[in-house]
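Data first, discussion second: the structure below is written as structure tokens.
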Amino acid sequence: MVNMAVNLGSLYLKNPVTVASGTYGFGLEYKDFYAPDKLGAIFTKGITLHKRIGNPPPRLWETPSGILNSIGLENPGVDVFIRDYLPQIKDLDTAIIPNISGSTVEEYCRVAEKLDGEEGIAALEINISCPNVKEGGMAFGSCPNTASKVVKEVRRVTGLPLIVKLSPNVTDIVSVAKAAEEEGADALSVINTLLGLAIDIRTQRPVLGNIMGGLSGPAVKPVAVRMVWQVSQAVKIPVVGMGGIAGWQDAVEFMLAGAAAVCIGTANFPNPMVALEVLEGIEKYCKINDIDDVGKLTGKAWKEMDR
Amino acid sequence: MYKKMYIEEGKISYQYYLGNGQFLMEVFSPQVAGRALPGQFVHIACGPALSTDPLLRRPISIHRINKEQGSIEIYYLVVGKGTELLGMKSAGDNISIMGPLGRGFALEQKAKKAVLVGGGMGIAPLLALAQELAKEGKEVVSVLGAASGAGLARAGAFLAYGKLIEATEDGSRGLKGRVTDHLEASILGNDTLVYACGPLAMLRAVAEMTGKMGVPCQVSLEARMACGVGACLGCTCVSTAEGAYPKVCKDGPVFWTSEVSL
Amino acid sequence: MVNMAVNLGSLYLKNPVTVASGTYGFGLEYKDFYAPDKLGAIFTKGITLHKRIGNPPPRLWETPSGILNSIGLENPGVDVFIRDYLPQIKDLDTAIIPNISGSTVEEYCRVAEKLDGEEGIAALEINISCPNVKEGGMAFGSCPNTASKVVKEVRRVTGLPLIVKLSPNVTDIVSVAKAAEEEGADALSVINTLLGLAIDIRTQRPVLGNIMGGLSGPAVKPVAVRMVWQVSQAVKIPVVGMGGIAGWQDAVEFMLAGAAAVCIGTANFPNPMVALEVLEGIEKYCKINDIDDVGKLTGKAWKEMDR
Amino acid sequence: MYKKMYIEEGKISYQYYLGNGQFLMEVFSPQVAGRALPGQFVHIACGPALSTDPLLRRPISIHRINKEQGSIEIYYLVVGKGTELLGMKSAGDNISIMGPLGRGFALEQKAKKAVLVGGGMGIAPLLALAQELAKEGKEVVSVLGAASGAGLARAGAFLAYGKLIEATEDGSRGLKGRVTDHLEASILGNDTLVYACGPLAMLRAVAEMTGKMGVPCQVSLEARMACGVGACLGCTCVSTAEGAYPKVCKDGPVFWTSEVSL
């Protein structure tokens, strides 16, 4: 038997396989394919204080082994989430983790406050790394100071475990990670999407309505694994690893690099069953390698390396 | 929980090349076929499972539904990586299909007459619709157009369900001109409902014409898709209502012209 | 007839299709496949003052639509380059552009000085963005101040056109670009490789002997196009675009995004004929679109966009 | 300029499955075959041309060379994406091959006797070598090993060129044990040259044994490759000389044991 449960600080996950914010709706879109409570956690689509209609189409473009998206945090706003969506998912036997965003620090706090009182919420993921909004988002995650500020203020208004989601579009992700840790983050999500752009050579214009978009999918995996490797060695809080996971081998790679749990995003689209396959694959890998606790994979590649 | 979408390893029973880059493929996929409705689509993994390029599935309309046999037909044009890989498959090969997806054409409507307007590959979803409408006892008129005769390879199949008007831009088959040049006569009179699928310019023209004439009209739209199930919020079109972006995969692909701004 | 010649400042290229540093050796490795003087330019493997043996193996790993490399600037040193290699290529009817590196600013200057006097050198590419060396390399390109310093000092010792190669591993590539421009760079190469890492799940260790490596190939294209788009709008000097070009469509995309010339790297490996295919494809594209001068493609996507 | 490498669209004349993931494929590729030497390899594009995953070609040894017919044979094992895609090809399909690449085995050596040591897929390049050496009039002894009998599917072909010793670790065919357990007798005596290809552990053992006995030995190495032509400097092994990293694709894949530190 392999113990598949992991703890991200005070947050208990029954297994380390979760689905990434923005790729799994509010948790029910894929229910025809499998019961969502098999997952360790569900990170919801980004939620803001007020409703956002998102960016104009087109919002998607396929690139080699990746996709560009410019959704722009379309969501009904935190109140509607609490009223209409949360009741449908709060009793699922999995950790529900709303992903929250704001144009100002104040907005992050208001959203966090509103969610704080609600039953069925396991933690909050603070998105300081969305590349698709004009204000806030990635701007907060691009430098340690602003990142500190968001985390510090949200930390004040809620006792929920806070998972801070970092942007890969920085020179030094470790400094942002440390800033978030210092201000009381319980865990870090590494990484959000890479800022990218594509041009349609027939129209001779950017393909996305919002011009730039976020790159995700297998293409970004080597960058994501590198950042998990760097961040997990520099901080003491656990890291949720993501970016291009498309099979259990990728998930194991992230855990060996230092992730305590993994998040599957883009790969849900071509293969809605991927999360279950990853879960099974990790467990089997542990068995074959005589590992009795999945947590022992975390950081194995650097913990045991001779330098 | 009520199951309505499936992922199924479909077995290709045949794949015919129809010329000009067009293929007709039948896939044995009893679960998808069992629930499919005209206007819905399937999401197909076109490349080998172990390759991540192309990464996403490709949305393709259900061209014909054979529930007894448990199969669907698709009719598609090779335009890029995904469809090119699909075209390389042969009878006996398996392909992973997800579906049936989306909201199909409105059925069991009051109107006694249905005019189906298809341009180019927009013809694809209309065959299943024609069949279903004929079953409902409607009078079906199919007005199908293409750049040239080669694009009307599937038009003949519509004859089984009603009247057929063919139009080609180069006049190589049927009437010369665009479908919209030959539409007005067919949609005159009451009790008519128009269903259209084709290039955006055609849909705009049909929407304008039906709008002026007060004839209700449904259009089937396209957008780049990732998930196909409403999870990624990527495949937006623009609502006629202020500040809303309906999702083509879930709210559509079929919309009333009153719902979307084309 | 399409005019295919382009000028990068004072540097004339007979066409905008070039091959990237480190992927085409010293210019002769691929000669069995086509005459290298069909190219607009050849950027050589990185050259340093002293011979470098490079990093220990393994140095390569394939990733989804990309590769990680950790060559580590293996080269025989500038003197041997001048003595043994340059004579073999200096008479080719293409621009020979040595790519130079150093652990110190002084070293960059010494290499530049030595090359400055040599016949048959069209320009120098200053690599301040190599992720695979411990000292120098990317460290210089990660911040505007250090970038300035290298460019300024090299500018003093040579009159050759200087093309400064930027790192994508930064929060703000535009500020580094501007710094290089201010100090007298004649053109900018955008981009070098993204810092990445992969772990072998069987050995549970990083796959590369040097642990981290540089990610290149089609996977990085959306990031590269985005950076070309940003940089080309922010500076007045021309940009050489690269990162994932594998066909003429990609090259056109880079030019529309703002590149005056393009560089093909990784794609030479699977398809040694790719540069010629790209050259033909661009010319045909211009013809079909009634463009009489390939330079008119440069930045077309942003020049004509209504905002 | 002297042309020695080619890129050729080769046509597969046959592809046989030999069990246990092994395939034998013949490709009609007259340019490559025309120049190929034993121990050289080809670089094969395994996936569809329009896909960028897998991105790189895969290096595969030339198993047999048929110059009259203009074809080469390759013998490979499915271990991942690339080889799996290669295994899906059929007779009549085209594949892009680059080659012949690298420095092959040393031929026309003084030694009268050649001992070929192959472990697992390391058997692949040795058949062309055995054939050539037999032509040179050498005495050829092939000592071929595998985990089990299934891995010796190609061993029989070596009989045509000399003596064959088979060994399997599980004893299911030939002698029980590793090739190195059964090698000493064959390489005793003067005038012998050893050629080895197989897993690193085997090569190390063979190198040690031949070193001790003073028998010259060549080994064929593997490394991850990108370009295959010496341009990327990626496929390094380690030289016995201080501070040098020879390139397996260009300086090798065949080296004298004195040249490389295994």
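Letters are used for the chains, namely A, B, C and D, taken in the order the chains are written, and counting of residues starts over at 1 for each.
Please note the rule applied: contacts are C-beta pairs under 8 Å (C-beta built on N, C-alpha and C of every residue); 3 or more make two chains touch, one makes a residue touch a chain.
Because the structure is predicted, anything quoted here is derived from the model rather than measured.
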Subject >> Partner chains that chain B and chain C have in common >> reply: A, D
Original post:
From chain C, which chain is the farthest off, judged by mean CA positions?
Top reply: B
Original post:
Which integer distance in Å separates the CA centroid of chain A from that of chain B?
Top reply: 36
Original post:
In whole angstrom, what separates the CA-based centres of chain B and chain D?
Top reply: 53
**OP:** Please compute the C-alpha centroid of chain A, do the same for chain D, then give the distance between them in whole Å.
**Re:** 46
**OP:** Round to the nearest whole Å and give the separation of the Cα centres of chain A and chain C.
**Re:** 33
**OP:** Please set out, as single numbers or ranges, the residues of chain A touching at least two other chains.
**Re:** 64-66, 217-219, 246
**OP:** For chain D, jot down the residues that touch at least 2 other chains.
**Re:** 52-54
**OP:** Considering only which chains touch which, label the overall pattern as line, ring, star, complete or other.
**Re:** complete
Original post:
Which of the residues in chain C come into contact with chain D in the complex?
Top reply: 22-25, 29-33, 45, 53-54, 56-62, 64-67, 69, 71, 74, 217-219, 246, 266, 268-273
**OP:** Name, in rising order, each residue of chain B that touches chain D in their complex.
**Re:** 47-48, 50-54, 81, 84-85, 88
Subject >> chain B contact footprint on chain C (complex, rising order) >> reply: 64-65, 218
Subject >> chain A-facing residues of chain D, complex >> reply: 52-53
**OP:** Using the touch definition up top, name the residues of chain D that touch chain C in the complex.
**Re:** 1, 3-7, 45, 52-57, 98, 223-238, 243-245
